[in-house]
Amino acid sequence: MTEELAKDPIRVGVLGARGRMGAHVCRAVDGAADMELVAMIDQGDWLFNASDASAEVVVDFTTPDSVMDNLHWCIDQGINVVVGTSGFTKARLDRVRSWLSHKPELGVVIAPNFAVGAVLMMEFAARAAAYFESVEIIEQHHPKKLDAPSGTALATAHEIAAARAAAGLDAVPDATTDEMAGARGAMVDGVRVHSVRSSGLVAHQEVLFGATGETLTIRHDSYDRVSFMPGVLLAVRQVLKRPGLTVGLGSLLP
Amino acid sequence: MTEELAKDPIRVGVLGARGRMGAHVCRAVDGAADMELVAMIDQGDWLFNASDASAEVVVDFTTPDSVMDNLHWCIDQGINVVVGTSGFTKARLDRVRSWLSHKPELGVVIAPNFAVGAVLMMEFAARAAAYFESVEIIEQHHPKKLDAPSGTALATAHEIAAARAAAGLDAVPDATTDEMAGARGAMVDGVRVHSVRSSGLVAHQEVLFGATGETLTIRHDSYDRVSFMPGVLLAVRQVLKRPGLTVGLGSLLP
Amino acid sequence: MTEELAKDPIRVGVLGARGRMGAHVCRAVDGAADMELVAMIDQGDWLFNASDASAEVVVDFTTPDSVMDNLHWCIDQGINVVVGTSGFTKARLDRVRSWLSHKPELGVVIAPNFAVGAVLMMEFAARAAAYFESVEIIEQHHPKKLDAPSGTALATAHEIAAARAAAGLDAVPDATTDEMAGARGAMVDGVRVHSVRSSGLVAHQEVLFGATGETLTIRHDSYDRVSFMPGVLLAVRQVLKRPGLTVGLGSLLP
Amino acid sequence: MTEELAKDPIRVGVLGARGRMGAHVCRAVDGAADMELVAMIDQGDWLFNASDASAEVVVDFTTPDSVMDNLHWCIDQGINVVVGTSGFTKARLDRVRSWLSHKPELGVVIAPNFAVGAVLMMEFAARAAAYFESVEIIEQHHPKKLDAPSGTALATAHEIAAARAAAGLDAVPDATTDEMAGARGAMVDGVRVHSVRSSGLVAHQEVLFGATGETLTIRHDSYDRVSFMPGVLLAVRQVLKRPGLTVGLGSLLP
């Protein structure tokens, strides 16, 4: 037996606890030896349940409408936050940063995708971007999805665009003169993004890079929401050690 | 030895003979034991070279601008035609049919794609269409292509739409409410078509069908123009036995 | 209201009712307006429950060890059977045929895969086989699967081999002289089959056809067992109209 | 105009100059502003042509039979070498290292693949390996290839195996008990490798990683040998600055 004292488990609250993702998060936190699930909160419940239970970290899988209020309240209460809710624009991120500036010890992690494979896909896409003149993103989801492109596709496009700019690349070559509206996809920061919707699919994304005589494809397939849980637990552990705002899980991977 | 007399080779002229596809056609005809290449015609040459050489079949790989004049002249001269030039609308096809009505013994084959694999892809897509509520087309080409979607993608979408209508299927399910312009592709007869353009690619198409819990994907990859030649030679042989207008190579496959 | 009399629902028993597939079948039969679930039987239960309940059709998703006894008993009792259990060799099929010869009015349907997409994949593979000199099968499943290749891959290879033989094709070209054991896959009736096993996967198969300058790929992805249910219900309805042994769902598709 | 003096072009000789790859290398060197093609050598020519022409770097695309003699001679003559010839075992690499130990100023780069996309694929595969319990490699080539698996697949498997060992991962999960010989591929350092051969294909490789509920796929497609040339030119420039043996292009990428 070591002399090191066992650490107290991390006290975790979940917002959106009855949603599809939130329910998975509750089970995952409950099953983690180093965490304790102290509050399950959903629409109609008081946020104070989280502070009353002395939550150190709150995980938010709610809606774009309520997430900013939740974040403001948590930061005010001195609770760290891991956010999986979508809809974060640059303006929203700036507001979170300004709230955090008054609580320099607190951490917030906001990520578009918690699957480790998706995080690596984004990292690899940013790394490959400088070496190929062509790049397009094809994301594929079930037909009940409301937004197109997906948040992961937008985040990937932004990272690729930044890497291309840093490398001094010209615009992607494209001789199209005769386009039926929409055929060439949405233009996101100079990167074409195509959103496919089909029954049977879950959540998939392909990033296609091309240069003379070769292509490189990085593809991620999510078959089940359980694939997000290792990333959520990683973020809960890391947010305590990372004051300030962290966007994306990339820098948290060991 | 059989008593049957060896048949005379089919006398073939090529329009657009110095173009990329035309040059391949000339070589393929030249190498076919049952054909004789009797005229190689390009911009600036006289069409009369074809009739002077007694061509029985003319193969046209020219441009949308000149193909209708070429077709009119050939039909007038009593020469059968195989057309690989793109840009055929319903109105153009109707005009060809009306010209042919005065020459009931003549045949014309117009095909968007002469690769046997592409022809089978279209046949399979039409057959599968009735069994899946979702379907989308993703076509991928080199970045020098001028039109989007490709002629093959348009033809595939039309065949799928006809098969869905015959099966009485509802519209493809799609809950998208928040779309960045173009993300969901072009809508062709109720079928979403996405056009990807990238260096390194040649000519590729994927048809994705989806139903609860499963997807079926049919994909064709053309790596080289030589893949079109068996289909062109097949059309040259068959056009002599098929009076009237034949659209697509599908019905010619043995 | 029409004057046509409502038909009595089909009385269905399920063998292997507590297994993963069997439980899905029970739910699907229960939810079908034209069927009645009259017996749910599993290990330790009497088969007589099926005959006592006057089952007209029994669906068997059990194990290779017990399925032949189940089939023999059902045929003896005059009950039609739909079988999804794997492990059917030519010898086993012959035995079923001989049992059926004494009950000419009975039907048995044995299928390696009930997903409509998989059935179409096999149909398309058999149709395409005559047109390509190269063909290989890559099947991909979760790592808990015991057999490699899968029953669907074996059935696909047999159909392709038959089609190649009928078309008079030579052996698939392959110049390999320096092979690490197993690299080129298993040889099934002259067709190479590769079995991939990975966490995250469910049940997937790709058939790759190749000729000079082009490839044609037919791919089926099963994400969920519910995708098999429409095919199981179709087989239950059709087995009553098809005396004798039917192998594969192909001929039952409308 | 800058005061910096223009550098003299790098003097390059090519061994295997009349081979398919060698001919491409000659053209690429000839077209590079900072290089001069000073010797084109093939079977039957004297190696001395390279030293007589004062080559600073020799590029070797010959055969496993002759490459070791070529390397020995070049090192002896004080010429740096870039090698694309396959067949390098650990024993061969050790021999090259021992020869180089007597010429500490000389550099040798030996790479299994010069396509930038393939180099990135290997880098990404090594990086992802620690995060997924499952991994398999599927490489696909034209049917004239003699060896299976390809050198690139072997190199990828070795890098993945090293990364898994460093991360302390257990063996890849695999419950297969009933395998037809070869179905599960070749076992390379604990990684299953499948080699597909088909007409129409050029050179392709897919690395599939899997964990619960998700897969990550990294795929490289070479459509044309020209895709190797930027990597060859990069190696020629870098070998002058990297004394000793460098295996793989990975560490040379900017």
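Here the chain labels run A, B, C and D in written order, and each chain numbers its own residues starting at 1.
We adopt the following convention: a residue touches a chain if its C-beta (ideal position, glycine included) is under 8 Å from a C-beta of that chain, and two chains touch if they have at least 3 such contacts.
Here's who's who by UniProt: A, B, C, D = 4-hydroxy-tetrahydrodipicolinate reductase.
These figures come from a predicted structure and were not determined experimentally.
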Inset, instruction - Could you see whether A-B or A-D has the larger number of C-beta contact pairs? - result: A-B
Legend entry - Of all other chains, the one whose Cα centre sits farthest from subunit D: C
Legend entry - Centroid distance [mean C-alpha coordinates] between subunit D and subunit A, Å: 36
Legend entry - Centroid distance [mean C-alpha coordinates] between subunit C and subunit A, Å: 40
Inset, instruction - Using mean C-alpha positions as chain centres, tell me how far subunit A is from subunit B in Å, no decimals. - result: 44
Legend entry - Contacts with two or more other chains, residues of subunit C listed in rising order: 132, 200-201, 209, 211-215, 221, 223, 227
Legend entry - Residues of subunit D defined as touching subunit A within the complex: 115-118, 120-121, 123-124, 127-128, 131-132, 209, 211-228, 230, 253
Legend entry - Sites on subunit D touched by subunit B in the complex: 200-202, 221, 223, 227
Legend entry - List of subunit D residues in touch with subunit C within their complex: 132-136, 138, 140, 143-149, 172-188, 192-201, 208-215
